[in-house]
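Read the structure below first, then the notes.
Residue numbering begins at 1 within each chain, and the chains themselves are lettered A, B, C and D in the order written.
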Amino acid sequence: MILVIKKDRDKKQVDNLIRWIRSLGLDIYRSEGENSEIIGIVGDTSKVDIELISTLDIVESVTRVQEPYKNANRKFHPQDTVIDVAGHKFGGNNFQIIAGPCSVESEKQIIEVAKAVQKAGATVLRGGAFKPRTSPYSFQGMGLEGLKLLRKAKEETGMPIVTEIMSEYHIDDFYGVDIIQVGARNMQNFDLLKHLGKLKTPILLKRGIAATMEEWLMSAEYIMSEGNPNVILCERGIRTYETYTRNTLDISAVPVLKERTHLPVIVDPSHASGISRLVKPLSLAAAAAGADGLIIEVHNDPPHALCDGAQSLRPEQFADAVQSIDKILQAVGKSRDK
Amino acid sequence: MILVIKKDRDKKQVDNLIRWIRSLGLDIYRSEGENSEIIGIVGDTSKVDIELISTLDIVESVTRVQEPYKNANRKFHPQDTVIDVAGHKFGGNNFQIIAGPCSVESEKQIIEVAKAVQKAGATVLRGGAFKPRTSPYSFQGMGLEGLKLLRKAKEETGMPIVTEIMSEYHIDDFYGVDIIQVGARNMQNFDLLKHLGKLKTPILLKRGIAATMEEWLMSAEYIMSEGNPNVILCERGIRTYETYTRNTLDISAVPVLKERTHLPVIVDPSHASGISRLVKPLSLAAAAAGADGLIIEVHNDPPHALCDGAQSLRPEQFADAVQSIDKILQAVGKSRDK
Amino acid sequence: MILVIKKDRDKKQVDNLIRWIRSLGLDIYRSEGENSEIIGIVGDTSKVDIELISTLDIVESVTRVQEPYKNANRKFHPQDTVIDVAGHKFGGNNFQIIAGPCSVESEKQIIEVAKAVQKAGATVLRGGAFKPRTSPYSFQGMGLEGLKLLRKAKEETGMPIVTEIMSEYHIDDFYGVDIIQVGARNMQNFDLLKHLGKLKTPILLKRGIAATMEEWLMSAEYIMSEGNPNVILCERGIRTYETYTRNTLDISAVPVLKERTHLPVIVDPSHASGISRLVKPLSLAAAAAGADGLIIEVHNDPPHALCDGAQSLRPEQFADAVQSIDKILQAVGKSRDK
Amino acid sequence: MILVIKKDRDKKQVDNLIRWIRSLGLDIYRSEGENSEIIGIVGDTSKVDIELISTLDIVESVTRVQEPYKNANRKFHPQDTVIDVAGHKFGGNNFQIIAGPCSVESEKQIIEVAKAVQKAGATVLRGGAFKPRTSPYSFQGMGLEGLKLLRKAKEETGMPIVTEIMSEYHIDDFYGVDIIQVGARNMQNFDLLKHLGKLKTPILLKRGIAATMEEWLMSAEYIMSEGNPNVILCERGIRTYETYTRNTLDISAVPVLKERTHLPVIVDPSHASGISRLVKPLSLAAAAAGADGLIIEVHNDPPHALCDGAQSLRPEQFADAVQSIDKILQAVGKSRDK
């Protein structure tokens, strides 16, 4: 870490700062320039609060040389982490497609969708039981009953299941869930992350709606530093000023993260765009950019006015998308897990 | 709510949609245009999921005529909500200054700062016990011990206290806390909001780092719809591309919210800017724009290298700012609670 | 266009508004609701200033039913526009790769790069002569001399050339330039756009750094409404809060624009990311998402410390990327123009 | 400037880089660390392209110690620049209010508004003759005729005038204009800035819609480095995701800029919010935060349906706002120029 100290600084404050840094067990290099002094800090600087230091009156600027994430850092773990979910592997040269409805609505619905997406190529079933909704007046999901139906669908089809958790209160209720999802709104719910870090269940960690990639990796670090190494990152679009799409899919996040971390990175084209017609082209883009998988909303109920045409695909559209994805995977030398 | 239906729509889907809307107990007006059909929906449309509808294939656009928030809406509650905190009133023609350190560090520290800010004009004491930190390796606050010290400071000075909660697990531990703060990262931690809605304790609800004002009001709605009407909104800066400040203080939020909601609105200039030199001018701006109060970080420990110069003011700087704030309040016809 | 008029409006103001709308030759439908009045406006509403109307005191909200762009709108021109550049076609089922150095630096440099990229598969040569630089102290490009060298490279290789214009002053100097580029910073330099609209030369219109897709299409409309139908849109990343990449490539813009407009859409992965290692994965993503081409920075001068490793690829890296792009194009049923 | 060089760098590339930096006349300090090498660059680094260097493969990070702006930098020019506009001073302890209609529409209109705003306290008259509009189908302003009417209003009232220029073509037509405005969309129209730098006329430089403060100061630098020191900066809101206001007024820009530059800084509350009801509270906030003035839209034509209620105030509303502004100015120890 490198600090540039202002020219007209208070020498006593600088001494205080240096004493404090040394008290953290770090080494200091000082070099006096014409207009400023430069202080190099050497050692494990992950415990130094860069934000706090950067706001000190005497500090002109701070530059971190080392990334603040350790467990998630590819530098210290060069090979890809491969996470096994009931025989389906995330990471490495594998490619997984997770699919299912936005919300679990009934036993019939979830089992029918499960069978349809399985037939079309999905290996993991998604479905919301606890739904984070902007409005308290919107449908909040079926809750525990939804979890039960998901487990039934798992039994029926053999597909592992992924569903979102909204509170550490519910961890015990999530038995039988193969991947626990942390939604965008809870990416920095640190108490929840710490609790999930005590499990071994793989965690699907969605990017916060305005989270930097560094903050996202730090949230993965919360889970990993508690002992759970099984984190799958999921890019799902970030908030920008653009209004033609619900969010802006940050496709660059895929190759950037594949370089910086060894964790698997998947993409959610359904939430990123909010428009079903965009799910296929964005899925192809994600596969081409090097993603390790996709999570796609699929609905099976055409007469149901509401969800037909929303961000969910119908099963036949999903099957068509999978065929195109396969061609892209072949082009990039990967193959989808089947 | 007004839907514009596409020209080349599938009539059966439109019928399905209309049947579904009617099943929610709403009335429908249809009017056929040359290029599109317009559907007006009349009744309590707060239960209609605008986001879902807007993504239907047959829908060109959706416009909400009524705001989705009810309890927080000034239309249905024209007079200001005034929240009494141990005799200090938030809202109406009152102005409160909350002040205190970023984190509680020791009994001596919190009591000294409490006395200093009280003397300078603060009426409520702030201090972090549970700290949400981007990094798991940063100091996470003193926790329960911090709460105890806050209660001591309250006893010693008579000042009511405000501190942040990070999990519904801790609600019982927050006895004696006069205002419970929900931080920016938990603004959409809906489970936490629902639990806080069951209390009567005033809730200081900070705006999420990329939350729209509407989402923020909907989070207030979560608390209010559970039965707790005592919500204080706190603008603390939003995330933009600008790097000279940590966040961008959205000063317009103050007059906009004062128009749309009856809830008190205060401003946090310390976190908004991240720079102590900006705290005073931004406090003056907030008071001039019509805010109901301020929450300011103050630290009492000049030899402590780290916090001197950060976003916290020293007590004498705080006292100087309060004097200037008083002049602005006089100019806008308000007076600070003493 | 649909206006929702507030409940407690001033009737005289509503009458004034309606009179004014009728004076523009538009028809009005009024329908009174319980809480508001709805006014439908029928006819060519492209001349109605939606922004102005939306700020009227009496207006609750405005919804445009028709897009404000006409010439660029696919609704009125369903088939793809195909633009022929010296025999190389942009749009339709074609795919073009434009490549070349950031700046023209010397005759030797531009001709060497031209030959290298041509050999590797590029069909059009890019090179900056007039460079828009944030700092007045940075290199501003070779100017007219740079244009001359580009024409030499064109002569030498037969490749058509594209280069950026920064002022309508220079239009006459751009003879021999096959595609005139308008940079992100000038996307709303309307005087420049109008002048370019009087030409027939194809215009490569880059998206402004914070432009919505609608504003971007309206800038295309400026060029087209003056008589030049040959506009190629170029997505080059938008500004967000993320710092790991220079800009955020908005990959969704590709399928969204292909749906809304008949104009060709290409992608600039070099400027979008600012990192050479990302150029290949983002190029593959763009091809997979349906782009009509790419514009890529290539530099030929490995010992030149400065540009080696920047956002420019070396020729051999470019050649490798083209081979991978070809595989993606095959997967999506397109083939690169050769 | 400080470069952190990667651990596993190519030594030859580092040598090339250092040779190149030295060739710019700069001195180099090298210091080898355990994980990286640090290179300090001393001298006038404003000619070093930080963006280019930061993208080099061998470079981990770059930190600028000195700001890249020189003429605009308060470090080299500690006292406030005071710009005299026909006897009215911008900067220092002065406060000016510029007011007038969005567009010049007729002789009667502009003269009536001029007299009204003058009477209420404005010292400079604004009015658009050339209007930058998103749509080519919207009213583009009266052009040269508008300039003539502005000069008439100036003659009639003695008020200096400010109006926007959209192309360097028009510079000669702007005789008699006392302040030439550069709009947000042209903030990085560098050719225009260079031409304006050859004049002595004060330039009102609006912030680009997504410009960082540093880019904005660099655009001022373009004007100043050509010889025109008379630049007035105008904050007018930046683009964010928030939709309740047209733009987000970045009030922090006022104190930040007052610290970093000696140039006058004014605020445009009309365009920042797009809502006339917000003009007064935002004006008060700007004055409280230390702005040197305001530019406010005022319209005099209540029966004119369109502009009544838009972002423009009526003269009586403007007069009321001025009275409140005066109270704030008194509170902060300034007084408005009369």
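By definition in this document, a contact is a pair of C-beta atoms (placed from the backbone, for glycine too) under 8 Å apart; a residue touches a chain by one contact, two chains touch by 3 or more.
Since the model is a prediction, treat every value here as computed from it, not as a measurement.
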Message: Hopping along touching chains only, can you work out the least number of steps from chain A to chain C?
response: 1
Message: With centres defined by CA atoms only, which chain is the most remote from chain A?
response: D
Query: If you average the Cα atoms of chain B and of chain C to get two centres, how far apart are those centres in Å?
result: 39
Message: Based only on mean CA positions, could you tell me how far chain A sits from chain B in angstrom?
response: 27
Statement: Expected list for chain A, residues touching two or more other chains, is 210, 239-241, 277
Message: Under the stated contact criterion, what part of chain D meets chain C in this complex?
response: 13, 16-17, 19-20, 46-47, 49, 51-53, 55-59, 68, 132-139, 166-169, 185-186, 188-192, 194, 209-210, 215, 218, 221-222, 225-226, 239, 246, 274-277, 303-311
Field: Of all residues in chain A, those that touch chain D in their complex
entry: 2, 4, 29, 31, 33-36, 38, 40, 42, 60-61, 63-66, 239-241
Task: Over in the complex, which chain D residues touch chain B? Could you list them?
output: 210, 212-214, 238, 240-245, 248-252, 254-256, 259-260, 272-273, 277-278, 281-282, 284-290, 324, 327-328, 330-332
